[in-house]
Structure formats: structure tokens, C-alpha cells
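In the two complexes that follow, chain A is the common piece, with chain B as its partner first and chain C second.
So, the complex of A and B:
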């Protein structure tokens, strides 16, 4: 009974949303240059044409692929390094040596490092990767440290009483106990890494990637293409988030373990 | 009781923590092989500390702890420990949790699952092997913990208020289950509880501890037949007399 009654309401809501969107586009298209200059905001028709051109020429796909490759590679390398350093820091001596270094690294504004990477790697995509690594590594490090501190000491004793050695405890208990934290931070790490990649590509605009395109169009005062690239980035970020959070949520439901930020 | 030899011996055991907190003061305690020994005493008096000493998770400041005639140094692999807050792994099924000690011992996959299934069935949770711990009730989790402890094949069970968080009726059933398991296996059990009725219903002997630093105030044999019907036995005159006797010993400590 509720179905038919609900459907017209849903249609009305959708209609209202579309109407608001149409109004925004109309205002955006029709406002004079003095209020919304083309070079800064583009125009809906121009943005649409830019999107069609970027997609039909394949540029959008090539640029997205390169940006995502840097993002994923950065996460794939940063995650194990961050986790291994957390294990080392959890050891009694390791904490004295590693903790001050990681604290300084975490507190240093990562965006400032890009200048250093230009000096080290020149105008190269290696600098993009390095920035992602430095940005995401500490995120995994702190999540892993937190996860390690949450391993139940009574369960460790129970494992040892059953005769488990260090390797078995690490594999079957410690890493599994840390998993919810690590999965939760993986979801957070993707937008952070994606943002770091695009920032690095903007500052060192080499290669065909979203940041380089954004930099090129912005410097050319091409509002239509700049907004089109921003829209592509938004869609990519959304798809990434959905692709990551769904399996995480499924894992959380299956195991009954809470995953932070999911 | 089977055996009757000494399973655990604590001799003149004292323990103070690093901050100077004196927890135990000259404890002399023997646990006979195959008996159920209950430790009762005021909250925070050091009952769990005694279990930790037997498990080897703590070392005494002075005195000695022996298990089957051997000094306890480091973790004591002859014991299995069940605490009020269970140590089940939330990401594993009930069957995989039960089979964990066999997995650690290197028992093959087929054999360990067969034995774990049989143990779960014996304890009345055979249908729930595929469930994760969060899908089980408190009572089922206790049965699962007990199954894991039994499969660990430890000679001594250390039980630290394992059923304290469970409602009274279900607790009775679990206590009966423990007595039945003891009847079949004759394991040595050291059982910490606040509940005098529980101590009387389960134990062959009861040790009453003082307020911290713990000293032994009294040791009483529970001269009631074993195995028992735990619901019925606490209604007997002898059990009730024992309850009042233990209460009188403890009452002063609680006021102190």
C-alpha cells in the first residue's frame, strides 16, 4: 500500500531536484560576463562541449588512467611500508628511534615537499609518486599503530598458552586484529592519495594526467575545460569511494567487526 | 576426584607490583590433580592474580609456583585460561575458533574439524559451527570457549568468573555443563568466583582469601557428592550451612 503512495512523492522529489539543477544551469549560462566571467567559470554549454571532446578524443581516459595509476601505486607501496614501520616502532627500542622521525614527517606540510622532489627528480612523474608516498605512508603508519595497540593482551596470552609462536600470533591474531583499522584507513587513504596525486601533477605538470590538464587549461584561462576536468575528477573520486567502501562494508557485516570510517 | 597428586603448588608466594602495591602475602596453596578448587574473596583481593601466577603470566616477588612438580617459568603450557571476557576471534567461525588450538598444534585440517565439530556437539552448540562469535548469545560463547579449552588438551583449567556476565538461569545450566564435563574428563579446575553458591555447587574445596594483600583465611572441603545437580545441591541443608559459614568468614573482610 505504501509503494504507490511513495512513488509519486519520489517522482516529485526527483522533479524538484531536476528543476533546481536546470535553474542553476540556466542562471550559470545566462549571467553576464561581468558577474560570471567565462575564463573563471566557463558556461554549461561550453563545459558540456569540452567534456564531449575530452571523452571522444580519449584524453579523459588517458589522463584519468595515469592519475589513478600514480594514486594506486602510491597506496600499494605506502601501505606495507607504513605497516612495517609501525611494527618496528611498536618494539621497545624502535619506538625511541622511529617515533620522533614519524612525528616530524607527519607534521611537515607535505605540499612543501614537492619543491624538494623537483630538485631530486627534476620535472618527472616520479615526484608525483613520491608525494603520494609521503602523504599516505603516515596515514597507514598511524592506523597500524592504533591497530597494534588494540590487540587484546589476554588473547595474546591465550594464543601463547595454546603453544603459538611469534609468527603464528602475528599472522593469525595481530594482523587480523589490525585489519578493521587498516581497511577503514584504506577508504580514507584513497581520496587523500588522489588529492596528493592531482596536486603534484598540478605543481609538476608533466605527462598526460588530470593535474597536468587542469594546470594547462587554468593557465590558458579556459574555464570550460577547467570545469570539465574538475567534473571528471569528482566522478572518478565518487566511483573510487563506492568501489572501496562496498567491499569494506560487506567485510564489516560478515565479521561483525566495526570498521572506522565505513 | 581422580589422581589426587599435586597439580599446582604455591609456596610462600608474595607479589608486589612495580608501584609498590602488595597484592599477595605469603600464599601457601596446593591444588590436587583432578579437583575443582574455588577461590573466593573480596573484589580486587588478588584471586585473578593467583590464576595469572599459575598461568605464568606473572612471576612472584618471592616464593615459588610449581606445576606437576616443575617450577613455572614463563607461560605455563599445561593450563588453559577462560576469562569473563572471552578471547574468541571475531573474524573466525565458531568451528574455526574451537579448532584453533588444534591448528596451532599442527593437527591436519580434516581431523581438527572433525574433533572441533564433535566437541561443539557435545557442548550443545553443534548447530552453530558456521556462526561468528558476534552472532552467538553469551551462553553459546561460553560453551564455545569451553570447547576450545577442552580441545587445547590442557591439564589444568583456570577459570576467572567465566559465567559472571550471564543471566542467572543460563548460568545454572553452564555450571551443570561444567560439572558434567569435569565428570567425563576429570580435569583440574581452579575457579575464581564472587558467588558463594557457585563455589559450593561446583567445587571440591573452597579457598577464602582476605582483602588485599591477600592471605588465605580458610580452606573448606565441600563434603557433598560429586558429580552433582548444581540447581538441587544448593538447596540442601549442608550447602546452606556452608554458605553461612563462608559468609561469616567473608563478611568482616567486606566491611574492612
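So, the complex of A and C:
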């Protein structure tokens, strides 16, 4: 019923979006050098040629793979550490010491740590990984901590009275309470980790990765390739978001769990 | 009683302060007597050296100058980005639907994009200085505030809107009596998140621009000369500013002027 009525509207929206995009490209192509210099922004035709060259030579894939490897590795290591620290902080003594530390860590501009990582690890990709770890770890910590705090103490007492052991309580209550938060934060963690990786790669441009390529092309005043790399980053960020949010949303619908931020 | 009506328990406040002092003392002791002696000074400086550097900076006014530079960049970018975001959110939330259909995907793409990727472009285009850093901070703040405000405008109970209309309220009255107060709660939350981001963005931009001034610029230059004490002192100052920012916006969010977001 609503199909035919909605279709013209969808077509109109798509048409308007394409028209705006075409206008942007036209302005970008035609504006004089004094406003949009080639060495900074390139021109649409040049950017397209640069994109084709980066893709056909395989450089785009190699650089994307390297950047994503650091991002994923950082998340895979940071998540369990964040969760373990949250468990430690759930204990009375742990909370006493850990909470002030995590509060300070939350407020610390993590990007500032890169200067220390350069001193510690030199100009190597280990600094990239360390920055991702420090940026994403607190995110998982806070999600796990929130999940733990949502466990109803009365239900825990009821489980104990019914003879449930620690493992049973952990499986039936604690993990169930933490799961929606952790899955929800996983979606948030990816763009944060990706951003941290790019920052670290820009500051320490070693290896063949998106940040290092962007840094090199910008310094060489190659506007076409600079913008092409930025477009690749945008596409990668979008694909990452879709690839993570879709299965999470499906999981939320299947299990009936309200996953925050999904 | 605070302005928001929350009662402050003096014993709890004293206990929290005591806990922070003990943890700070423990951290200092571990750093001073366990970590510092076993690691070369280039990697981890002595805590006393960091405190001494801070003392020097406070004495000769360096700290104030660094803080003012970073703070002015972050505040200018934060204000500019927030204002643009609020105007755009109002245009998308209250204006014709087509405006939202065109603007939202662009801002959503900006939100997903790693913002630091804009730095090389800004550097090549505008050079190094106050303006490109402010533009960069505004770029990082804009999508956060826009999406928060728009969510606020769009999550109003439609039954309430209908009820107001039934009572004869005009579009402007619906906006000012219902949509705006509801949206302000979300705005408070998004401003709190964006405020923290704006400090980190300003520091990060100074590092990538290789600025001669500001806390990030100091971290950058001190890193080049293996001056770990200065790196840590600047990082400490940046953390203090960031904490104050977060506290300020949390307090504003809690106060009556901007009700906290619900749901």
C-alpha cells in the first residue's frame, strides 16, 4: 500500500542528494586556485584518477589492512583487559584504588600519550598499538563496570539462597547483565580505535598504512592523493560501522536484549 | 542542598577526598621508589622532576600561557562547532524534511570519519596557527552536538505534540514549549561529551601541527628533546583542564537550566 506512495519520495530524496553532490563536485572542479588550491584539495578528476591508481596498484588494500590490523589488535587486547579491571574494581578494595585511577585516565587526553610512546618504543608501529590500547581500554572498562553495577544484589542473594555457586551466578546473572553493554560499546569502540590508529600513524608515519600515506602525500603537496586517502578512510569507517552494527542489531532482536547505542 | 536539589553528604565528600589523597600518595610512592629507579630517565622521569617543572612553569607564567593557548583553541572551536550544530539541528528537526534528508548523511559521514585525517589537509591549506586548530576542534564537536540535539528534537512523545496542537498551540509554541525544553536535555549531554573531546582535539591538533605553543605543542617539542618531565607535566595540566571541563558541563547538565537527558 505504502510502496508506490513512498517510492516517488525516495526517488526525490535520492535525486536531491545526487544534485547536491553534483553541485559540490562542480564547485570543487571550477573554483579558482586562490580559493581551493590544488596542492591541498586536488580536483575531482585528479582525485578519481588517484583513487583508481591506489586501488589498481594494491596500495589502498595494503594500507587499509595494516591500519585495520592495528585497530582490531588494539580492541582484541584492550577489551579483556578493560573487563578484567572492571571485575577487580567491583571488589570493595579494588574499587577503592582503581576508581580514582580510571577517573584520571578518562580525563587524560589520550592523544598526548603518543609523545611518551615515541620515547618508549621509538618510531615503530608498537606506539600505534599502545595508543589504541590506552584509548579503547577505558571504554570497555566503563561498559563492563556499568553492566556489573546493574546486577541486582537481591537477585544475587536469592540465587545464593537457592544454592547457586559462583560460576552459576556469573553465568546466569553477571555475564547476562554485562553482555548488552559490552556489545553496545563494541560499536562505539571501533570508530574510537580507528581514529586513534590514524592519529598515531600520522604522528609516527612508519610502514604502509593509511595515516602514513596521508602524511606523506600531504607533505608532498599532492592534493589528489591526499583527498583520495581521506575518502578511503571515510569509506572504511562507514563499512566498519555497518559491518559491526548489523550483526549487533540482529543479535539484539534475536535475544530481545536492549543493546545501548545500536 | 545543591541547586539541583541533591544533598551533599560532608562525610562522604571527606571520605572521597581522603581516598583520592591516599591513592595519589600510593601512586607517587610507587613511581618515586619503584618505577623511577629501575627505568632510565629518558623513558620515565622522576615524579619530583615533573613537580619541579610544574613549579617552574607556574612561577614564570609558562603554565598559564600554555593553558590559555590550548583552552582558547578548544573553547573557540567548541563554541563555533556547537553553534553551527545547534542551528543545523534546528533546521533539520523543525524545518522541511528535505533539509534533514540532505544534511544528516553529510554530518553522519563526518561523525564516522577519523577526524585527525583532516589535519594534514588543514595544515597544507591554512598553515600552522590558531585558526586551523579552531576549525579542526569545531569539526570534531559539530557532529556530536548535532546528533545529540537532533535526537532530542526527534524523541518528543508525538502524543504530547498532538495534545498541544489540539489545544490550539501554533508551530512556534510547540517548538518553544515542548521541543526545545526536551532537546535541551540531550544538548546538555552531548555538550558534556563534546567538551571533553574539544580539549583532546586541541591537544592532538597541536601535536600533529607541531605547534610552538600550547600543551600539545609542548608535549610535541619536549618529546623531540627527550624531555620526559615536560611531556608528563604538560599531560598532567591537560588532564586537569579536561577534568574541569567535564565537571563544569556535568554541573550545568544537572542544574535547572539544562535538564539532563533521559532514556
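Basically, the second predicted complex is superposed on the first by the 252 of 262 C-alpha atoms of A that agree within 3 Å, B and C clash if a C-alpha of one lies under 4 Å from a C-alpha of the other, contacts with A are read in each partner's own complex, and residues count from 1 in each chain.
Methods note: contacts are C-beta pairs under 8 Å (C-beta built on N, C-alpha and C of every residue); 3 or more make two chains touch, one makes a residue touch a chain.
It should be emphasised that the depicted structure is a prediction, and the values quoted were computed from it without experimental measurement.
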When the two structures are laid over each other on chain A, do chain B and chain C clash or fit?
fit
Touched chain A residues, chain B compared with chain C:
C
Once chain A of both complexes is superposed, is A:50 in touch with chain B (first), chain C (second), both, or neither?
neither
A:107 in the overlay: touching chain B, chain C, both, or neither? Say first, second, both or neither.
second
Which partner does A:164 contact after superposing on A: first (chain B), second (chain C), both, neither?
first
With the two complexes superposed on chain A, say which partner A:131 touches: chain B (first), chain C (second), both, or neither.
neither
Is A:39 touching the first partner chain B, the second partner chain C, both, or neither of them?
second
Using only C-alpha centres after the superposition, what angle do chain B and chain C make about chain A, to the nearest 10 degrees?
90
Could you tell me if A:213 is touching chain B, chain C, both of them or neither one (first, second, both, neither)?
neither
Does the superposition put A:68 against chain B (first), chain C (second), both, or neither?
neither
Once chain A of both complexes is superposed, is A:116 in touch with chain B (first), chain C (second), both, or neither?
second
For the combined overlay, can you note the least CA distance between chain B and chain C, rounded to whole Å?
14
If I apply the document's touch criterion, which positions on chain A are contacted by chain B in one structure and by chain C in the other?
none
Touching chain C in the complex, chain A uses residues 12-13, 16-17, 20, 37, 39-41, 96-97, 100-101, 104, 107-116, 118-120, 191, 194-195, 197-199, 202-203, 210-211, 214-215, 217-219, 221, 223, 226-227, 229-230, 233-234, 237-238, 241
Spell out the part of chain B that touches chain A in their complex, as residue ranges.
55, 57, 75-77, 79-81, 83, 85, 87, 89-91, 100-101, 104-105, 132-135, 152, 154
So in the complex, the part of chain C that touches chain A is made up of which residues?
19-20, 23-24, 26-27, 42-43, 98, 101-102, 105, 109, 112-121, 123-125, 196, 199-200, 203-204, 207-208, 215-216, 219-220, 222-223, 226, 228, 231-232, 234-235, 238-239, 242-243, 246
Per the contact definition, I'd like the list of chain A residues that touch chain B in the complex.
152, 154-155, 157-164, 168, 172-173, 176, 179, 254-257
